[in-house]
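Take a look at the structures listed below.
Paired with chain B in one complex and with chain C in the other, chain A is shared by the two complexes that follow.
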Partner chain A sequence: MKILIKVNDNPLEWEKNMTIDTILKKMKYSFKMLVVKVNGELVKKSEFGNFIIPEEADVKVIHLISGG
Partner chain B sequence: MNKYQNPYNPEKIKQAHKLLTEFKYELKPLEKGYANRTLHVHVGNNTIKSKPVTQEMKDVFTGGKGFDLKLLWDAVNKNTKWDSPENEIVIAAGAMGGITQYPGTGKSIVCGISPITEAPVDSNVGGYFGPYLKFSGWDAIEIQGIADKEVIVYIDGDNGIIQIFEAPEEAIDSHLIAEQMCDIFASNEQEKKNITTVSAGTASEHSFYGCLNFSFYDRRRKVARLKQAGRGGLGTLFRKKKIKALVCKFSKLNVNNNNVADLEAIKRISAEYHRELFENDDSQCDMRHVGTAHLVEIMDDYDLLPTHNYKFGKHEKTGKISSPVWREMFTQGIPDGCWYGCTMQCAKCVDGYTLRTGPYKGDIVSIDGPEYETAAAFGANMGIFDPHFIVEANFYCDTYGIDTISFGTAMAFVMECYENGILNKERTGGHELNFGCGEEAMEMLHQMAKGEDFGKTIGLGIHRLKKLFVKEFGADPQFLQDIGMECKGMEYSEYVTKESLAMQGGYGLALKGPQHDEAWLIFMDMVNNQIPTFADKAEALHYFPMFRTWFGLQGLCKLPWNDVEPPDNAETDEPAKVPKHVQNYVDIFNAVTGKNIDKKELILQSERVYNFQRIFNFRMGFGTREYDQIPYRSAGPVTIEEYLSREDRYDNQLRDKWNWDPTGKSVEERHQKTREFREDAYQKLCDAVYTRRGWDNNGVPTIEKIKSLGIDFPEVIEILENYFQGK
Partner chain C sequence: MKESRSAFFAHHDPALIDKIRKAVVSIAGAGGLGSNVAYSLARVGIGKLIIADFDIIEISNLNRQQYFIDQVGQLKVDALKHNLGKIQPFSEYIMHNIKIDEDNISQIFGEADLLIEAFDKAVMKKMLIEKWISLFPDKPVICASGLAGYGRNDIIGIQKIDNLYICGDQISETSGSISPMAPRVGIVANMQANLALEILFQDISAGSCNENID
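Now for the complex of A and B:
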């Protein structure tokens, strides 16, 4: 059975060793000014490549407003 | 003589000047950010006078756009049209304007009754004019009347002299006249940085969306560069008044021309900000290398880049106009701030560009931009994925005095009309205007400058074009209403809003028309899912427009607020607001003025002016729910082609969001249902926003609200009482 996580309330299939960078790639989130929280805990930018996403995680990828 | 192929002679130009009037005034130091007087220039009867700024005016309207609107309100009446002599161009810097310590403090705010919306419009712009005007002793300038002959208004802030003179010999196109003014009013190369010019251009005379160019002299490039007050047709109004240039000379720039209350505090806050910017910009928005053009590929990635008149949000050729291309074309390593002290330096420039078309073909020029909006409008929206076209059209729009956003959006509309058979070669004077036709689009721009043929027609703007195409060519008015991306008469700026209801409101409920400077909520709404309910969206459509209005009261650029963020921003309660930078603004405002406001008072300052502007709209015959309605292309797929291009998305939404099972239904039925749901949602959004803003369900501020804000002037109350009694 597929295991899902939530990314900004959208379902996404969980994978083993999935990191935040994996999620950003899958969701095509190319914007750089992001605040990421996994199950309510803030994850620093420097950890995006090695923070392992747990099963059924609730991930928030908050894009900060840009544009003039 | 100059560097262009068709040289001019500054001496000859100067000799042709005929002085019409002169006004002398006392030079006085500013007091905590204010000159405490405004300047009134009437080019119709050649009178010039000074008006005092009262404490009440400062308390209620704060400065900048607040002063502009107050002065404009007093100058016009409910019957004033954009071309009435009493209509004004009002320009102000704002209370914080011109401090050179913090980035982005050199903006001018321009207001007037707009040729395209016929209501009050405001537009902000860089360049040196606003700060130099204030340092010359004026918080704002009103220009009223229509001159008999071509004139120049000259403010000599060094000697306290203002002159109006006839100016028959100057060029009209901005890249030339801005340099001519430097040649004439500076006595040597060194002095040119002390000269700043406001001008429009030849196409401003023939279109309704003319822009104003504000210059600053770039000492390294030895060129007068141009920043645009683009929105609302203020260049058209400028040329209607037969003004060729408004010039200010100020040579005494120092670290504290504003005579602020606490300079040390400003220096302290600014030093910290500059450090933050240098450490983080490269890994965040990279504003210092590509400016706002970094957004092109990002918008494409999120399906937000308007393509083919906003039908779609991405295109396979976007790479041809994305930031690596601009990084390559922009000159790097030269300071590029549009006012002193701006280390964000996003005013990028293409240098040594040889023009390929038009009256200046063969001239080698420096071109400011393109910024994101221009690259998106000319590249993706018109379907011309050619950076050279974008740069060349950018140059000509600027020098001809044309708003790149309105031109791009209007051309995209015309192209869709062409592809739908509403237009054809016979109707366009032999021009094929399909998406992607760069040469033809350029020709339309040159025709607009000459005031000829179909190019001039495009200068009418989408609102008037829709009526024309129905009347002349029997076009379907509903289809044109759906695809014509204008609201209140103003063309949309360059974002696809179909998947963000909040941003549909950000555009539709913006006071002056669909410009994104009031609110940019797409990520917050569509990507982050942070504001799911109507109440959440209404709260965002209250806070952000109010917060962003404040920049206009102060003469500030918005980019340094949120295009770089402090490293610990993520850990704050509300990272989207960038709380540390908001606190910087509060602290600097207090350090300039000696006041003691907090974040709440900041919003209140804006709310007063915002509600005043809404009532001003109402006074001029607009400002109600009817005028907040948006074209359907802004809310959803107009055509079946658009529906099918994102069929899964729309089908899923019908099922999950609206509880309507699309299984087995024809595409026409699904398309129609989508429209019903989305249009209904927009009305509910209007209801929620009006309630949050303290307005009635027709979008009119209540008397109670007006009283609570302290803007219950007798004239305002009379207008509202008449309205509420007649309800």
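Now for the complex of A and C:
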């Protein structure tokens, strides 16, 4: 059976050794300035390539866009 | 003065007045978002506003920021304090002419019940949010992202992640051809201010849909 994670409440299939970079690519999130939380924990940009996403993770990605 | 102070609050739900007067809100930035947020929260009568910015008013700011043409060249924090005092002098307006960085966030804004992010640049928004979350995980931070251009009311929304709130469409970027304009910046700023009230008053049941408004 497929294991799913949630990315901004959208289901995405979990893969072994999945990282935040994997998710951003799959979701086609191309903005540069992002704040990412995995199960409520803030993940810094320097960790995007090696933070391993656990099964059934709740991932939130916020796009920060200039303008104010 | 005391009489006009009571008169100023006469239209509020009495259950809210104590909360309003004791509330402390920090606003990071006094541009399009920050000046509009400050105007609304001052009109509500929030007890203390702490506002930081280091910019000078330029004539190009007047398309969306709450300043006047005779204030061009003044520091935003000085002009905003003056304008807020003209709306109502019963609140405390603590202004900081300073550039916010990771090392002064706590000292400048830490006293507040919640923080409103009202910066222009995405890199500054990110710095502020990440630092605030690590310093004060229990204190809400209300951010804005995606407000340039005009129209498209229906795609402006709010995303909530624990104590982090994001108002805006998370799509519309300021660029050469898409500039921020007063209505959309004002909408997002007032969503931030409105959300701040909802958070401050969350344990008061009378709050959000008062039928006795005259």
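What we mean here is this: the second predicted complex is superposed on the first by the 65 of 68 C-alpha atoms of A that agree within 3 Å, B and C clash if a C-alpha of one lies under 4 Å from a C-alpha of the other, contacts with A are read in each partner's own complex, and residues count from 1 in each chain.
We adopt the following convention: a residue touches a chain if its C-beta (ideal position, glycine included) is under 8 Å from a C-beta of that chain, and two chains touch if they have at least 3 such contacts.
Predicted model only: the values in this text are computed from it and were never measured.
J.: Any idea whether chain B or chain C touches more of chain A?
T.: For chain A, the partner with the higher number of touched residues is B.
J.: Is A:30 touching anything from chain B or chain C once the two structures are fitted on A? First, second, both or neither.
T.: In the superposition, A:30 contacts chain B only.
J.: Identify the partner contact of A:40: answer first if only chain B is touched, second if only chain C is, both if each is, neither if none is.
T.: The answer is second: A:40 touches chain C but not chain B.
J.: Figure out whether A:65 sits in contact with chain B (first) or chain C (second), or with both, or with neither.
T.: Both partners.
J.: Considering only the contact definition stated at the top, list the common interface residues of chain A for chain B and chain C.
T.: 8, 32-33, 35, 42, 44, 60, 62-68
J.: Quick check: in the complex, which residue numbers of chain A touch chain B?
T.: 8-10, 28-33, 35-36, 42, 44, 60-68
J.: Which residues of chain A touch chain C once you look at their complex with the stated criterion?
T.: By the definition above, chain A touches chain C via 8, 32-35, 37, 40, 42, 44, 60, 62-68.
J.: For chain C, which residues count as touching chain A in their complex?
T.: Contact set of chain C toward chain A: 29, 31-34, 118-123, 125-126, 129-130, 133-134, 143-148, 159, 161-162, 164, 166, 168, 170-174, 180, 185.
J.: What residues of chain B sit close enough to touch chain A in their complex?
T.: Against chain A, chain B makes touches at 283-285, 292, 295, 297-298, 301-302, 371-372, 495, 516-517, 520-521, 523-524, 527-530, 544, 558-559, 562-563, 565, 569-571, 575-576, 578.
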